[in-house]
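In the two complexes that follow, chain A is the common piece, with chain B as its partner first and chain C second.
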Partner chain A sequence: MSHDSHHAPVACKTELAPERSDLGLIRPDRATGWIDWLTTVDHKKIGILYGAFAMFYFLVGGVEALAIRTQLARPDNDFVTARMYNQLFTMHGTTMIFLGVMPLSAAFFNFLVPLQIGARDVAFPRLNAFSLWTFVFGAFVLNASWFFEFAHLAGWFNSFDWHKALVYTDFAPANGWFSYAPLSGTFGQNGQALRFTGVGTDFWIIGIQVLGIASLAASFNFICTIINMRAKGMTMMRLPVFTWMTLVTAVLIILAFPAITVALIELMFDRTFGANFFNPSAGGQPVLWQHLFWIFGHPEVYILVLPAMGIVSEVLPTFSGKSLFGYPIIVFSGAVIGFLGFAVWSHHMFTTGLGPVPTAAFSLLTMAIAVPTGVKIFNWLGTIWGGRIRFTPPMVLALGFIWMFMCGGFSGVMHSAAPADSQQQDSYFVIAHFHYVLVGGVLLGLLSGLYFWFPKIFGRMPNAPLGYLGSALVILGFNLAFGPMHYLGLAGMPRRTHTYHAGNGWETWNMVSTYGAYMLGLGIVIIFGNLAWTAFRGKKCSNDPWDGRTLEWSLPSPVPEYNFAQAPVVATRDAFFEDKHGSKRIGSEPDGGEAGVHMPSQSWMPLVASAGFLFIGFGMPMMAMGIPHAGWMVIGGLGVLFLGIWLWALEGPGGYMLKTPVNRDAPVPTETAAH
Partner chain B sequence: MSDTAAAHEAPTSTGIDHKKLIMWLFLASDCMFFGTLISTHLLYRKLFPAGFTDAEGHQRFIQNLFNIELTSFSTFILLMSSFLMALAVSAMHKGQIKSFRRNVLGVIFFGVIFLGCQVYEFTHFYHQGLTIQNSVLGSTFYVLTGTHGTHVAIGVLWLILLYFYSFTGKLGGHMGALDVEVAGLYWHFVDIVWIIIFTAVYLVEYLGPNGIWGSGLPAVAK
Partner chain C sequence: MFSRFFSRVGLLAAPFLAIIMAGCSKADMTVRQSTLDPKGPVAQVQFDVFMATVWLVVVLFVLVGGLLVYAVIKFRARPGDENEPAIVEDGHGNPLIEIGLITASIGSLVIIAIPTLNAIWYTDDVPAESVPTSKLSVWYPRVEGGRENYAKTVEEQVLEVDVIGKQWWFRFEYPQLGLTNDAKHSVPNEMVIPKGVAVRINLRSEDVIHSFWVPKLAGKVDLMPGRKNHMWLQASETGHYYGQCAEFCGDSHAYMLFRVEVVEPAEFAKWVQRQKAPAEPVAVGTKADKGKALFAAKSCVMCHNVGGHFGAGAFGPDLTHLASRKSLAGAWLDNRDPKAQLALEQKTGNTESSVEVDRATLKANLIKWIGSSGVAHGADGKTLTKDVKPGNRMHYYKMFNVAGLRETNQKFTAEELDDLAEYLLTLK
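Let's look at the complex of A and B:
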């Protein structure tokens, strides 16, 4: 077998002869169109796909949220049943966290990190594609539970024997996003594994497990990329803050996700094989689930918020015309937040009766984590202080982030006091708190990032008036929706109940909250609509429309597949800004001249391996449903996974040499032209 | 592959190869994974020191169940497999492919012996009445040691594939040595985890007259 054609540099990959793997399989090297998107290993395309899927699931989670708010608008409402309500809030939380915020953050990681550190791709391009498709299939499995639920409600399953044998028939997850045992687990002696809930829980278990694998694989890749693939001169303390926060987030993921992985395995063994990890009738301790879940779950909070903090740390300096105030302190407090994030999980469990010493310790640590967060806020204020502020949609959203996130932080500090928390536990006050952090904080940060980098991603500028309108609606609607929940919670309204009676004094504010939710929804639709339109039809813009500071703005928009025609050499923080306005120029490394730059070959194998999870993901819940022979589907899925990884290893990284504009003038060797 | 090898050996910022770095990161994550499983087991041992009740309703103690001689033997075998793995990595770095094959075959053989011992142990315990379903002890013991066994099995499969791949002539040079070294890192880690499991799950049950958890039963051979 020969790779001759891949020796000679080409100007465009479509000039290449297809590369064959060792088994003679043709790699989709020169594919264009949808095969190109399915087999791509380009971090920018993977980032765009992550972003598109995340925005889709944001809308799905948003529809679920609006259904919840519609149900709660009036007392004693019957818009949805109690059972449907449980499924809605469970899937709303799970979708927003695992399918909305995390993948949208991953979209930014993918698109930006290699550009910001001056690299041509991530360390493991095919592993990156594997993370993407594993996320896509995990998300699909989780949401496919809705199809089963609707088919059940429509009565399509009624004639099947396995359906008649089911005791509980909730097909969509209905345990809350934390799936507390024993509700999610089993009871009964000697492996009877009697369940409290239907197969929705099994969909949830396998869905989260698969999504966890996607996050872990991506995080290994990104830590490796950031540590190992920095351009010359890009020392750790010259990294853009977004890249730093990506690094901290990825470290949190690889250390926090194993806890939920094990917890899910244990829960799966309980439900599927009659084990007793969380089975109270056999001595299992349901509180262990809470510990394991929150050992993951609290770092997860910082996994969600740190990327948004990174984005804001890029947006504010750009539009203030100043460098970030206290860069080392921002980086250090980000790392401290990550570190302390592992030591505060039990503040979710003050009412479980931990005893005075652990309660006091977790209280103190929770208060302590407000310090680095506050330091960051002051640094951001210091950044805009005395700056030449330009108002643009990303800047407005970033300023909104600071303000709203602070509100969420204040109620967070209130929760850290255990006596107060035990009053607020399971009330709407908690809902208000974490939506201020996750919507007012994370979502505003991510939207700011979308408006900020969209011109770089697509070379087109989003419409600014629509951007302002959307931002105003989001910020106003969000405050209307979640502000009143502080009051409702302190007035005693419990979470996770599908309705409430009139006469508790909750009617007015619930109605206000529902209006606010619809306003927020309208704002999101305007923003997403504006962005989607921009991606295809928006007005073309220059390569550096914001007077950007970091390396990605030095590139053409949209960014060419090889990123940097010549590998950059940086001499300072904010290298591009210094290059434009200061004295320190961005240098370049000689890149082998006529040899061109090395591009990785595309591959089907990440997609094939990930598809294994699709079979496993459907097989496990179908086993739990009692569908005959469903276990073979799981085994088949494992087989597909193994086959995909094996062929992946055998085909090797491959690759071809690409001529960048810098050295494209060199004559193209004739043997290439023969193909 | 060889035509692009030069491009892949581009120096990294730290001088550590990507593959080696990502394996260390995976192992860091795996530490938390096993840490969680081992914690679960130890927590439940502390809560329920008395062992389990078998199908006939007899109270059984964990010390009656364990065959510490057999487990010590399989632990020794796994340790020795790590020694052979180190030799295989060293041979690969020196380009001695035949020596690599011999040693890696030894690792595979020892790994299979270890797995065989575990299969025997599981069957034996099951017949003694400890099942995954009849007690928390059964659940934590089988899932913890079974997960470790799965790690060993994946390692054995990986090494078998590497062994056969070495006959294609493509396993060589710096990249080949790196591939073997990364597999070696994984193998040593799985071995170290077993040392911890052997200590925390087996050996501590024999501390003091009543076992470390005070199960009320002298640790005597059955």
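Let's look at the complex of A and C:
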């Protein structure tokens, strides 16, 4: 039987005969090339795919940002139309958050978490592949709205006499990334479902919904992985901080996304079926949308920033040659930030007329969240204090992260004072604040992580001078772009405005900001170009080029598909570093190795199941447009989804045995129990 | 060499300091919509809280940032370090330092929490101490015919202004003074309030969420459909203030501006009387008379009210006193002579001083505004001008029984536009 042959150890997976299930379905274990990438369940390959898609969408979102800045460079400019501008900033925000930062964080989760905890793979490899492809199709649906918009602008739809109606002329979403109802929803009496915006909003709703499914599936997977699959001796308080922050982030996603899921379903019912959740003229409550959105949306901010904090907490000790200062309190403050993150959502709503008591409560809670954030900054400072700082590209970016994130935190404290916020809310001051957090903080952290782990991922070292040049351009350009926005906001420039008149005193700094944005863009192109080139052609490097501290650096670069030839046993935090420089801290479990490592079989089914979302994603907006029979496309998509999951269940657990190189003769360190 | 460059991180701070210093001139702090130039108690309190946060943040920035720069320079790797033994230690941190820093952080937040809490209650509604001096009976003089619309009880109240947001303009109503849309006396674009008097603002929306923001007088509060929001403000100086919708509200959000004209109380009473006066009759046979006929023929009358001439429209802005207003089209177009205005602002050194409406500018604006958005006009009847306000209701709306100029395919020749403008110019 194929099952038996699969469990005879082989040196290479292509030696395998294809495995067939009882239904005759083939598990594509032998595949190489693009089929291998489409069917892979290997967390490292999934991580690389996440990273590649994320970097692509970073560039898409960046182009949108540059179009926005070009439009705002001069007063009364008409580089893009008002509607196109509104679509651009909506898609810029949505793209950067859901298609840029979140998947790039997911790329790090995927690649690193199993390596850092000494595991073979994630807990549910096929579910992991499902998360990836669901993200890919969700992103595709969201951006397909651009295709329809440009097709409409090019006149492709002019021959239809229905093209003048609003729903057929407004194809890309234009509500802002938080899509406030009722602008995104409906008006009119019961059941009329008259809309303020076109079908772009429907694309946005279903796109975000699908992306949420991807994030939820991935989060369950990582929580299971981190809780259950840690190497022996890897207690929770010995986890690398990046893995800790992954865990906190995953918990946040699971608690936060249901709120947006509910909100999106309600909005979809409003628009498609004439429900009245947010329709004020039929008794609905627009402010309900804001509460539901922000109780997701604020934790979302921490979902974005905690992984970057985790990365920085790995980079700083490595290049300071010192362990992380106050590890327990960094971990604890991360958890406190996650917890408090659910108690501050209404600070996005200080101007909605909450009344003084809730305003005061959320004002104080928002100030409170500055404390654990400050604690992290103090401890990072403590980490480099007394160290030997090596200014490698990842370290430069990590130091930039602390500096810029601190500035973003400071303007955050300013916002927490609600009376001051009533002047700053929805002005460019807010734009400056969250870009300092999300670009100066998150993006620099993620770039630092890319430079830091790239040698591990591809076994090749990125070019350092290009890295320095890119980092300098990014940091300087970023400050030039967003620093002046503090002033613009205080000078009364509201956000999301297509243009402005000369005479308001906003001309100079808008122009400066645009120059800065292009400088930032150039820096990103240099860095991404440097990294892309490195992935294929870069100079080969050693397994541990940075003198790393955590388990992934004990592996060969690039990491073999089975990760650890034998399951490691660790005796301390930063076990690999102490093992190198002090006493024995890493061993391996004495489980032989002659039989090889048990590998999960590859599968088409995650991809098939995810493809169902493609049909749902196009069907729902078409249904909202009133295209006849579009509902059948949604039902067909659901059918594909269930078919994929059903066959997934029927293909059986699969798996095969892979021979690994010579066992490391490593006894279990004796101190395991002591710590 | 790159490493050495980056070890001097402190150098990076220099250009930013320079930028901050350059941005600190007085002219930059007092621009039209500056939040840093408060002209009333509400804006002042909000500014004071802001400055408290600024000083706190500056101190923290210098302390933490200074330490960071010091650490980065002091603890940089030096040649020969690679021969030293690695630092192997447990990163437990130092409990005393941690607790000290946490306590200090909480303490510094208390410093801003107290003024914050005070200001939250102060800015919420007209404070009790302001009510006696703000009662209508105190400052609203007994001008003849000015008292029929409010009863004795109303006199004991503070002045209330209803602000109604629509896509994409603001309508102002003074229910206590009889200036309401129902009474065909509403005021679009420009809110007029008396100086030194606390005004309660009731915020209402007829479609999506908007936000009322006139930075020099008060921070913003949203206009939520289906909700009754309020705020208050008081202006300490007369003048012309600039405001803008601050919540994204669709295609023309950027073009949804408004003005606040602060006048002496006596002047305000006269203004109220003027708002109630009907438009003057138009002489028969003049260009304006032809324009008046066009106003009816081209369906303008469906949406716009002109007191004394036409009374059907309630959907669009009231035009009875159009030519007396300094702005047009949701305050996006300015009816004043731009050069004269700029010269005056430079002379007086503030943006609140304002010249009067310039007839030629207003006429040009009217022609541009009505003739925009793809409404064919000109000698050939085909010339199209650019949208003044993209998606604006006057041209594009089509809902229920109301339709815009473009949707009803109205065409104007250049002469017709001129006539129409001449008519509108008579509406003072």
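Just so we're on the same page, the second predicted complex is superposed on the first by the 649 of 675 C-alpha atoms of A that agree within 3 Å, B and C clash if a C-alpha of one lies under 4 Å from a C-alpha of the other, contacts with A are read in each partner's own complex, and residues count from 1 in each chain.
Heads up, the rule we're going with is that a residue touches a chain if its C-beta (ideal position, glycine included) is under 8 Å from a C-beta of that chain, and two chains touch if they have at least 3 such contacts.
All figures in this text were calculated on a predicted structure; none of them were measured in a lab.
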* Of the two partners chain B and chain C, indicate the one touching more residues belonging to chain A. => C
* To do: Using the superposition on chain A described above, determine whether A:F220 touches chain B (first), chain C (second), both, or neither.
  => first
* **First, second, both or neither for A:A275, with chain B first and chain C second** => first
* Just chain B (first), just chain C (second), both, or neither: which does A:G284 touch? -> both
* Asked: After lining up the shared chain so the two structures overlap, which partner does A:P653 touch, if you call chain B first and chain C second: first, second, both or neither?
  -> first
* Which superposed partner A:L255 touches (first chain B, second chain C, both, neither) -> first
* Asked: Is A:N190 in contact with chain B, with chain C, with both, or with neither (first, second, both, neither)?
  -> first
* **First (chain B), second (chain C), both or neither touched by A:R573** => second
* To do: Please identify the positions on chain A that touch both chain B and chain C, taking each partner from its own complex.
  => 283-285
* Structure fact -> Given the complex, residues on chain A that touch chain C span 78, 81-83, 86, 174-176, 180, 182-183, 187, 194, 196-197, 280-281, 283-287, 317, 320-329, 351-353, 355-356, 359-360, 363-364, 367-368, 370-371, 374-375, 377-379, 381-391, 396, 399, 402-403, 406-407, 410-411, 413-414, 416-427, 464-465, 468, 475-476, 479, 483-484, 487, 490-501, 503-506, 509, 547, 572-574, 577-578, 580-582
* Structure fact -> So, in the complex, the side of chain A touching chain B is made of residues 3, 6-7, 22, 123-124, 190-191, 193, 216, 219-221, 223-224, 227-230, 234, 254-259, 261-263, 265-266, 269-270, 273-277, 282-285, 288, 292, 295, 598, 646, 649, 652-657
* Structure fact -> chain A partner, complex, touching residues on chain C are 2-3, 5-7, 9, 12, 15-16, 19, 23, 27-28, 31-36, 43, 45-47, 49-50, 52-54, 56-57, 60-61, 64-65, 67-68, 71-72, 75-78, 81, 84-94, 97-98, 101-102, 105-106, 109, 112-113, 115-117, 119-124, 167, 203, 207-209, 211, 213, 215, 218-222, 224-227, 229-230, 242, 244-255, 332, 334, 338, 342, 386-387, 390-391, 399
* Asked: Any idea which chain B residues touch chain A in the complex?
  -> 1, 3-4, 7-8, 10, 12-14, 16, 18, 21-22, 25-26, 28-30, 32-33, 35-37, 40, 43-44, 47-48, 131-136, 138-140, 142-143, 147, 161, 168, 170
